[in-house]
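In what follows, chain A forms one complex with chain B and a second complex with chain C.
Take a look at the complex of A and B:
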């Protein structure tokens, strides 16, 4: 069931979910395209996990409709989804292989197939010799690897990971990033949800930013960042920056090594670079556009409350 | 509802590897059997070779009792054993075979019985004392374990007084011996044939068969003891599997929450399918456990003749057995779902234990009325208890084991129970879906309706 970019992997339309008087998700709509890496961003309590659980049919929306892999979610559809929740664990007293085979069987795999694939994947992440060990005998990092295997064991078409990198050590962070890119290259659609926006802004193609259950930003990651880019450049080097023509103000960055040069109206970064290139008064080691991080954009949007929606 | 069978098989495999389960299910019965036969071997070795000729119809008491008695009857009805005519108490092999043919009375046999049950044969166990004081001194000196004083009015009122020192376990077995001695002495002068009849009859003077009149007007024959045993037996099976199976089930649910794997599982399988798989697996495991223990006790019971005698009176029809199994399964589904719901509401195994009593207490209510179930299984109380889904599984099983239940009542009770099972399974499924995921703490009672219907 491999999807192309023109297929809709997930379509959420006007979905609302209340817990008593608390509205966790409020008239939310968005679409995830086949084969893309989609990031759902927002602070803790924004409604990300509730939205994912509704997509997975663990919770039912109060209003609105959700289609997954081309239709309403069914038991059959679930077999094509790999899900790694934020609150994740394994049976502690069971052997690793048994747990993986069980979870694979629940996803419709035969026992033999699940066993063969689990052993292959354990070898791949260098846990082959621990196949018969109890989960409780593994280190935390090893357990994380097993959880990741459990998520993709059945070769899903859609992988949904809630807080993919939370609690991971650096080795496993790289492992999961590599795995996700590898699967994405094979056409697997990936949805990630996180409040640590800086960790995945380089990975995602498109994003949805939510706060208090509302959509505040939605679109291609590069478009969003460009839209919030200021007319400013970040420069690292030596020289009297305030004397530079076209610079309206100079700010020292936190690390002390670079400066943020805000440009006067009508002055472009290209014009400044041309000036610097011909002047002997300045030595430049680094020169880049001052594009804000997703974190900075979120703070800006959340504080001003003027979310902008895009394509 | 897919994948319930995957859950069922996994739970079975997981549980069957658990050491505590294996210990209770297989090691405990084995240990009990080993202990039983070990004790028997010890008994035999302490009593001498087992190759001795068969003992004549168990009449010669080979126990280690040392009993003293004082005969205060004016007629001196009970001379000392060794004052009776000397006879050979031990039967030869041929004689033993003759004794065992109780369906073939003959003069030879009657004479033989009279010989081997002569008061003389108790001479090694029973000692006569002339006065109560002499007897008491013998007890104090440890010459005898107990002293029986046959009072002067014995013939009128059968009064006998017993003296012994402190807590003495020998008293219980000695009572049988002294009764036997009295019987032998009183019948000593009767001719052989009436002696046989009287002696055997008076040792077991009344075999009572009850005839209760059923609503249909037909007399039903039953034995109260075996009824009570049946009611108790079926009730115990139900209770044990409920406690064990329900306990395992609850533990398995809570552990999935504690280990935080439940959300991964619920993304693959519906809560109801997860529940059904778990309940069936734990039910089967509990049934196996109960069957093993019950089988052990029945097997050991068959080794003890007294028990098998009582069991011979018990007859359970196939129809009744089928109904009992249906009620057992429905009952397990009902209580299992309730236990699972408690598991779903709890955040730890310890927390869940506090709430188990809410399920088990109503379930055991029929046990409080066990005598009414045995004596009057169609009374209003019993009928009502066998209708309410919480009490009906145990009540109906207990009731079916002793009487026929009208078809209408059976249908109504079963319909109510099936409805109850569906309701609690739905409830447990709802709590699984919502509560397991959204609550870090045990919800308050007022939150539960919202969790169910919200």
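Take a look at the complex of A and C:
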């Protein structure tokens, strides 16, 4: 099953899931396009994992419909999905290669294919010499790599990773990011869920932000950030910022190195940049639009409770 | 529909991984090895005991054959059985009077044996000259040395006499003397080993049965707990259906249990081939061939019942240590008939053995023990089988529910209340993904190409 960008990888429609009297997911709808990196964001307990488990048919929704890779999820569809849950593990007392081959076979691979590809991928992440080692003998970072291999061994069309970067050191964070980008460049659709929004905003094409089981934001990452952008710029350099024409107020940022210049109505960042460019009174080291981080946006919409839907 | 290929992968893994477990290797190979060692020690021990005649200093005989026994050779100092209250019939007395006298003497000898006035006595029957057969009566284990001493005594006595004095063939003179041990009450011929086999075999079978079903059921449980502890359940749940995982495990471990029994059967056959006592021991079995099918059915029922229970326990608890405690309780109930075996020996059709035969957790073991000791009424076998099969069906169904519910509850024990709620909710209709769900939304971007990570 090869997925193109014109296909819908996942479509969730009006899905609700209750645990007793607690509503974990409430009438949630969204779509993941083929070939994109999609981020599902929200604080702990927002309903991200429940949603992923419903997509994967581990849990059944109380109401609503879900289609995956063009149809209702079936055992055959599952063979085209790679899933790395938040709580991840492997058979600790078994050799790395055995575990990978077994999990590959359960995804429909032949023994020979699984073995060949597992060895190739172990080499690729520089774990070739540990193929015969027991999982428990590996360091935590090595185990993470093996888990990623187990997730993508069977060449899935759709990879779903719950909290991909939690508990990783910077080196392994970069490794996982590189792997995800590389897979995505090869056409694999990637769905990530995380509460660490700052790590994802540079990676994802589109996002869904949920809180208490409700959708609060949905759309392309850049669009969402632009929508919440104020008419302001962040500047680092020297000069008397308050004397600058078109600036209505100046705020010193927390780190003291940069300032936030709020612009008067009708004044655009381009106009300010032109002024700065021809003036000797200012030296500029950095100049950027004051686009809020996803974290800031989340706090804003969660507190105001008026999320907007886009995309 | 079940994917048998995936079931086969799970089955293969469960079989191989558990086959290599030290616990399995110990029960499969260690137990037969220990049995061999025990046999060897027993043989050694009995060998030393077989030459010890300390317990047989006073051996008497009854000479019904009328052979002259006054030769010099009498190493055991065997004396004729004497009873002063009986009148010895004269040479002219008729055959009936002689028979009556010897019968009375036999009874007297038995009394003396019971009263511990003598240690053993042997009877040289009327037809001795034809059969060469002597009957030995004793209340203790007869050492081989006594056998051979009596044989020597008989041969030497006869040989000491002039051939013309004896109505006996020359072949008889040089031939074997057969000493047969007989039951002092019934007069039936007994083999020590066969007698032991009759009493012990039901226990041996029950032990094998119990070890095979319980050890593999325990593997089942620790496998599930292991997968739960190692956070593998979600990955497995997205690779195959819980019921496929269950079947794979059940079949793999079932095959392992059978392997174990086969190992033991081979070891048993090997012991029987090299050891005559072991052969007689096995021949003492009161099982009929027809019982074997029944035994296998019960073996499977007990295996599935316990596996399902262990699965349920494994899915409900959070740590292996905890699971062992709960499992220990059920295992204890399973083995209860064995612990109360004296009630099965004394009255195999008594109230308690019968009740145990109808209680799901004890039915298989109780029935097996009763088979060994008595003939069980057909209706009881049928009822017990029905109860066992029904409890297997119910338990497997329940375990599959609990498994599906508990497999994702990491670090949280499954309370009976949660299970009950889940079972009730199981009756409500679950909404699943609908066919022809949604219209495809188009997004014109990348197309798929595969590099090192792909195909």
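One rule holds for everything that comes next: the second predicted complex is superposed on the first by the 311 of 311 C-alpha atoms of A that agree within 3 Å, B and C clash if a C-alpha of one lies under 4 Å from a C-alpha of the other, contacts with A are read in each partner's own complex, and residues count from 1 in each chain.
Please note the rule applied: a contact is a pair of C-beta atoms (placed from the backbone, for glycine too) under 8 Å apart; a residue touches a chain by one contact, two chains touch by 3 or more.
The shown structure was predicted, so the numbers you read here are calculated from the model rather than taken from an experiment.
In the three-chain model built by superposing on chain A, chain B clashes with chain C.
In the superposition on chain A, no contact is made by A:289 with either chain B or chain C.
In the superposition on chain A, A:179 contacts chain C only, with no contact to chain B. In the superposition on chain A, contact of A:73 is made with chain C only, not with chain B.
By the touch criterion stated above, A:281 is placed in contact with neither chain B nor chain C.
With both structures placed on the common chain, the touch criterion links A:299 to neither chain B nor chain C. Within the superposed three-chain model, A:243 lies out of touch with both chain B and chain C [touch as defined at top]. Counting the residues of chain A that each partner touches, chain B and chain C differ, and the larger count belongs to C. Judged by the touch definition given at the top, the superposed model places A:19 against chain B, while chain C stays out of reach. Of the two partner chains placed around the shared chain by superposition, chain C is the only one that A:31 touches, whereas chain B remains out of contact.
The intersection of chain A residues touching chain B with those touching chain C, taken from the two complexes, comprises 20, 53, 56, 58, 75, 78-79, 81, 83-85, 87-92, 94, 102-103, 105-107, 150.
The residues of chain A lying in touch with chain C in their complex are 2-8, 11, 13, 20, 31, 33-36, 53, 56-58, 60-68, 70-73, 75, 78-79, 81, 83-85, 87-92, 94, 102-103, 105-108, 121, 124, 150, 152, 155, 157, 179, 182-183, 185-188.
Put simply, chain A touches chain B in their complex at residues 19-20, 53, 56, 58-59, 75, 78-79, 81, 83-85, 87-92, 94, 98-99, 102-103, 105-107, 150. The residues of chain B lying in touch with chain A in their complex are 2-3, 6-7, 10, 13-14, 255-256, 259-261, 263-270, 433-434, 437-438, 450, 454. Residues 3, 5-6, 9-10, 13, 17, 226-227, 229-232, 234-241, 408, 410, 421, 430-435, 437-438, 440-455 of chain C touch chain A in their complex.
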